[in-house]
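The following pair of complexes shares a single chain, chain A, combined with chain B in the former and chain C in the latter.
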Partner chain A sequence: MISPKLVEVGRHLNINIITNSEIKTVEGEPGNFTVTLSNHPRYIDPVKCTGCGECAKHCPVTAVNRYNKGLDDRRATFIEYPQAVPLAFGIDTDTCIGCGLCENVCIARAIQYDETERESRVTVGSIILAPGSMGYDPSKLDFWGYGKYANVLTSEEFERILSASGPYFGHLSRPLDREEPKKIAWIQCVGSRDTNRCGNGYCSSVCCMYAIKEAMIAKEHAHGELDCAIFNMDIRSFGKDYEKYYLRAKDKDGVRFLKARIHTITEIPETGDLQVWYIDETGQRQDEIFSMVVLSVGLQIPENVADVARNLGVELNKYRFVETGPFTPVETSRPGIFTCGVFQGPKDIPSSVTEASAAACLAGADLAVSRGMDTPTVQVTEQQDVSGESPRIGVFVCNCGINIGGIVDVPAVQNYSATLPNVVYTDQNLFTCSQDTQDKIKEKIIEHKLNRVVVASCSPKTHEQMFMETLEACGLNRYLFEMANIRNQNSWIHSKTPAIATQKAKDLVRMAVARASTLRPLAEKVISVNKQALVIGGGVAGMNAALGLAKQAFRVFLLEKETELGGLSRKLHHTIEGGDIQAYLKQLVADVRKNELIDVVTGARVTNFSGYKGNFKTDVVAGPANTKLTIEHGVIIVATGANEYIPTEYLYGQDPRVVTQLQLGDRLEEIGVSDLSTVVMIQCVGSRNSTNENCSRICCQNAIKNALIIKKADPAIQVYILYRDIRTYGLMEDYYTEARNLGVIFIRFDETNPPEVKSTPEGLIVSVTDHILRMPLEIQTELLALSAGVTAADTGSLCGIMKFNRNPEGFFIEAHVKLRPVDMPGDGIFLCGTAHAPKLISETIAQAQAAASRATTFLSKSEIKLSAITAKVDTEHCVKCLTCVRSCPFGVPVFNTEKQIIEIDEATCHGCGVCAAICPRRTIQLSFYEDDQLNCKIDALLAGGM
Partner chain B sequence: MRLDYPANVKIIRVPCTGKVDVLHLMRAIQRGADGVYVVGCLEGSCHYKEGNLRARERVMHVQQLLQEIGLEGDRVRMYNLSSGEGPTFAAYAREMTEHIKALGPNPLKKWATA
Partner chain C sequence: MGSASGKISGSVMVVGAGIAGMQASLDLANSDYYVHLVDKLPTIGGMMARLDKTFPTNDCAM
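Showing the complex of A and B:
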């Protein structure tokens, strides 16, 4: 997944990659910094190195492969991993014996033994710190047996074991004897949530999900039954749709989840198996034998990384993460220096990618005045005319490590493809998407005069564009390209039946080759971009997105359906860190209102929508007088927000003593706590149940926030929180610890045995079975706060008009969960805030800034290329029956009364193909999906027999 | 998601199910496919407004045509799901496969010309 990103960064004209270097000093101010770097010697010139690997092949020295976490060896001349960018080797001088062999074999003359440490300077306007983190080193804690027993691994090591490019080539085996394990235990919170010996009080946020993922993948890789057990305190599957994955692992794939902290692991010397000792929930001492133990190590900022930040004058918190504010999530204490990713706080990939865009937004705002001044221009390779030539097809079959090659017989597929019509060249690659393979493809296109290319690998959704660019770079039209998806649609889903998967791969390649023969070069129309933006939703997300764009000097129309800006945040008081939300909101509204580039439209309702990326047109009815206005804009940011679930459970609405957390927040603000002696809270109301499987992410911290306010106001008040898993991820774990220290009582209940609430004149009686005492308890209380989940805003009519995709829960779907978390599937449309999924206010702000940044990538261009996939009319044979005019859902085909022909505007054509399918004379063809280009696939498929 | 579904299902990509022509469906049956199904967006949430509704009509039309010539109309079907519903996709693939297995091979297969 990261490979296309690496390639994209590597080939981006405006990204200058400086590897093997460290920041020494930063001088200057926002907009004009001078950064002094120390460039460590690599001993191989990355410009000359072709990445051929001859040096490593001849190197006689064996060194520990740190990339594979020391589980295998590499040479002293090495490259970290095959997809590395830049693809250049280096020499590890700690192990190099200076024999000179590599210099002798290097044809490119790239070896430079005498290279020394250098110093260099760059001038920049903004700085983003994204040094990432390292896994916790568990060898300091002897009771885990790590470093002592071969089969106790960290999750990072296990990740390498599962990897196709890892030490065991993706075969599930344990280090001691390379046997396939039958039983694996994961131990959670190693180096996280532990103030006892390791000192990391925070939750690392990602370990629950990666442990579940590792268990699921291990089960897939196993040849027989594999028993996976995850020992945990709480399962924290709080991300979008993560709960569904957890449920699948638990209920369908049989991953066992045990609530226990392990106190000791011992090895059984005869077998290398591991005995895991723990106390179960009934208080009984238990032990179980596993063939392998994986320690789910937390994320930690290394001391040397922290030192770099401190040198720059960037403040860090006690856990060495960057100190940021709840309303300024990616800003460091030094103006002009921003941060993102785990250095900001523990987080997963989608949040890191989102934050990265947010940091880019703020960094870009400081540079807005000088945009485009220091950027190179694109060199366009002239296209060769292949129209007269008969097809010469090259087929590149991908192994995708062992993702494909481990299941499908790739050599057989390659040989088979060579027998297909018009195929003149075939090849197979370890990773077809890697930078070196792109160069190889270009070489082969030229060498064999290929005029069509087929790549049999993964999904065109993620990789088609990249391969098309490769074609373009050597003068071949990008539409002379076809993919056969032999991974996602084949090896991944037929992994249990390799012979069938190989046959299907051949079928898919045959279909792709047949289609490739029919492909024709297509021209893409270039259009101008309207530099205005439309932001839908005037809450914290929408306002931050609008400000983000305005700071980049773009005009914004901000639509709000209510009469006032603010959205749900108007009902919120403080963040868990103590940030004053109302003060923030007041300032934010004022900033938006006074910004000359932002037009706020309140009481707004979208009535009509048309256009395409770069040139949208939206009709809006606004205000008490139903004023009509039409907005022309180049991009859209959707920030429609969410609501608190209105409970039907636990006597809510029937007894006034039952309130939601938001109502409790109001009460604490308005009345205080003086009349209270006991407060009970129930978690997961309207979340993690059969109607809404998802976790609402924010309710655990919300409950703890309110509990802390109560306890701090009056420690004598008893506060009970009835929960299923406490999900105070990241640094919020400290507040959970604080709440426990202050005497808040946490009682875990099972989903199948939820609490019951009775209303009596003396008070509410809440009955629950205590998980430690294993006895039913009755708590009498005068106030019951329900942690009601988050429900999506009602966007039915908006989506009816604007055609946005929502998931079954009503939240908008992003283009790619990890790679494009703030993009919507439609070009030029972006997404932020709780309209995407439940999230905290700080996360909402980061995502809004990210959406503004992504929108800026669009608005900063003066023109964009349109898709060439549009409908074309053969006016000579058209009988002007007007069926297309009547059928087009967008009203694109028109009858030109003057010329007496049907015209289809390629800028407004959406390329759906409805007209092509309905034309009774078949005089309309959709480019790239012409009838022949589909029929040949049907024919090729069925030619093989089914 | 790597959800398992039967290998006899092969996918032909179209920009929208509204692009799927009666002729494409008939051609597949004529060439010996045992079954063909069209998978579109949920009704009411077509990315291109109404392509999936047109596809449904065309599928129904093909079903009628097949019945008229003595074949089971049900060899051609329409399914709808959202792009976020991988498990449903796999379930439909299994359902269609089971259904076609119950119907037996396409009788046109022996005459099918590749």
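Showing the complex of A and C:
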């Protein structure tokens, strides 16, 4: 999943990757900082290194493999992992003996032993700190036996054990004897939620979920029955659809969840098994034997990372996370320096990605006047028309150092390729991907009037784009290019049978040449981008998104269906940290109202919608007079919000003493607590049940927030919170601790045995079975607050018009759960706030800023180049069976009832080829992958006499 | 927004090249800012590149 991102970052012309380096000092001010970096030597020049791996192959020194958490070895010359970017080796001088072998074998002459520590200076306008975290080191906590018993591992080590690129190649094995474990225990909250031994009072937010994942994957990998037990205090599956994942593990995969803190682990020396001692829910001491124990270690900011931040004048909290405000989630205490990811606070990948975009929004907004000033401009060479010419193919065969050349007889392959039809030039290169070879290829294209190019080397995944750019640079259409992968799919696999590898290389080249002859130049359509944005929803999310875009100098139309801006936040008073939401909202509305680039349209309803990325058109009816307006815009941000669930449980609506947390918040604000002696709260009302399986994420902190207000106002008031799991993730755990310290009583109940509420004139009687006493309790109270969940806003008619996809709960579906949490599946459409899923106000603000950043990536361009690889319908032979309409994952093919034809819009087509493959009449062709362009490869392969 | 010299840079430095640093860099680079992406390790990717699968879809992290 991350691999394509690595490649994208590595290839981006506007990104300069500086590895082996650390930030030392920052001088200057926002807009104009001078950053001093320490550049540590790598001892191998990443520009010259081709990643061939000869150095590591010859290195005689064994070193601990940091990438696999020390569970296996590597050489002193090393690369972290095969997909690494930059794809360049380095020398670990802690273990290198300086034998010089790597220098002798490096054909690219990249080894530089004499490289020294350097310092460099860079001028930038903004800085984003995203240094991430380390897993907690549990060796200090002796009772878990980490470091003492071989089969006690950290979760980070277990990730590597499960991985196919890990120390045991993905085979589920224990370190002691490589035996497959039969029983594995996960121990939660190691280095988290523990002020007693490690001082990390916070929740690391991700460990419950990764433990569930590791248990599920381990079960998949196991050959027989595998018993997985997760020992926990609370299961915190609070993210979007995370509860469903937990239920799947529990109910379908049979993962056991035990509420217990483990106090001792001892090894059984004869077997290496581990005896785990704990107190079960009935108060009985239990011991159970496991073949392996995984410690779910928390996320921790290393001291040296914290030191760097402090040196820059960035304030950190007591746990070394960056101090940020509830309404300024990615801003540090030093103007111009922003933060995101786990350094901001413990969080999962989607939240990190969201915050990263938010930080980019603010970092860029400050520099909007200088946008494009520092980025390189690409020279566009005019394309020559080769359409009338017969194919003149040049074949370049790569040795890849000795990666290919050491196995495959490259001169033989080159000679063979010269005999193939339409081939007029052949060559072989030591490294076809090197910069000097690109110049050579350009020279040969011109000299020999080549109009098709074949490179026989490695994977198109990593190198095709680069070679296509080489073609483009000398006026040849980029689609007149074909690759034969004679390394990854040949020399690496058949390294022990060189003759066969050479034959296969010839076959692959013959196929590539055949296809090259059929290639046609393709034009990439260019569409203009309307630089206006439409934001739907005028709550905290929509307003922040609008401001984010306006700061980048784009015009925004902000639609709100009510007559007033603010949405649900108009009903909120304070954040759990004490942030004044009404004061914040007042300022936010004022900022939006006075911003000249933002047009606020209230009382608005969307009536019609058309267009595609960069060019949308939306009709709106607005205001009391139903004024009609048509807005043309390049992007859309959906921020339609959510509501508090209206309970039907626990006498809500029948007895006025039963309220929701929002209503309790109002009451505390308006009349205070003086008339109260007891308050009971019930969690998970309208969440985590058969109608709504999901957790509503915010209710636990809501209850604790209100409980703290009550207890601080009058400690004598009894507050009971009846809960199933307390989910105060991240730094909010401190408030849970504080509530317990202030005497709030937490009583856990089971989903199958929920509390009961009776109405009597003296008060409400709440009955619940106490989980520690294991006895029924009756609590008389004058106020019962229900932690009602979050329900999606009614967006049915909007979705009917704009064709947005929602999940069964009515929340909008993002393009990718992990890596594109702010994008909607349609290009140019983004999503933020509670329209996406339940979230806190700080998380809503971050996602809104993120949506503005994502939209800016579109709006900052005047035009968008569309991929030339799109599907086309031969309408004359099409029988209108609608198979393509039903099959397209993006809903692109449509039946035009007027013209009676199937239409595929090339602006919205993703070029996936599903329709072309499935069309029973073969009337759909995917350009660059047309039937003849694929069939000819098969013909060429078979022509070799296979 | 102004600085004493009156000169506003069009570049941003991102410190840390894990998934967060990479996403911030890509957004800025795609919005026509120049990005210096700094990492102390010899390769980018951070912690996510060290995971096997990811929740809640069990997709491969790499």
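The working rule: the second predicted complex is superposed on the first by the 719 of 946 C-alpha atoms of A that agree within 3 Å, B and C clash if a C-alpha of one lies under 4 Å from a C-alpha of the other, contacts with A are read in each partner's own complex, and residues count from 1 in each chain.
What we mean here is this: a residue touches a chain if its C-beta (ideal position, glycine included) is under 8 Å from a C-beta of that chain, and two chains touch if they have at least 3 such contacts.
Please read these numbers as outputs of a predicted model, since none were measured by experiment.
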Taking the superposition as given, does A:492 touch the first partner, chain B, the second, chain C, both, or neither? first
With both complexes superposed on chain A, which partner does A:943 reach: first (chain B), second (chain C), both or neither? first
Check whether A:680 is in contact with chain B, with chain C, with both or with neither, and answer first, second, both or neither. neither
Look at A:198 in the shared chain and tell me whether it touches chain B only, chain C only, both, or neither; answer first, second, both or neither. neither
Now for A:508: first (chain B), second (chain C), both, or neither, which partner does it touch? first
With the two structures laid over each other on chain A, which partner does A:659 touch: chain B (first), chain C (second), both, or neither? neither
Would you sort A:911 into first (chain B), second (chain C), both or neither based on which partner it touches? first
Per-residue contact with chain A, leading partner among chain C and chain B: C
On chain A, what residues does chain B touch that chain C touches as well? 241
In the complex, chain B touches chain A at residues 2-5, 7-8, 10-16, 18-21, 23-24, 27-28, 31-34, 44-51, 54, 58, 82-85, 90, 112, 114
Which residues, counting only chain A, touch chain B once they are in their complex? 220, 241, 460, 485, 489-490, 492-497, 500-501, 503-504, 507-508, 511, 799-800, 803, 805-808, 813, 825-826, 869, 887, 889-890, 910-914, 916-918, 926, 929, 931, 934-935, 937-939, 941-943, 945-946
Across the complex, what residues on chain A touch chain C? 1-3, 5-6, 8-10, 12-23, 28-33, 35, 37, 40, 42, 67, 69, 79-81, 83-86, 88, 90, 122-133, 156, 159-160, 162-163, 165-166, 209-210, 212-213, 216-217, 239, 241-242, 244-245, 340-343, 349, 352-353, 355-357, 359-361, 363-364, 366-367, 369-376, 552, 817-819, 853-854, 856-857, 860-861
Residues of chain C defined as touching chain A within the complex: 1-5, 7-62
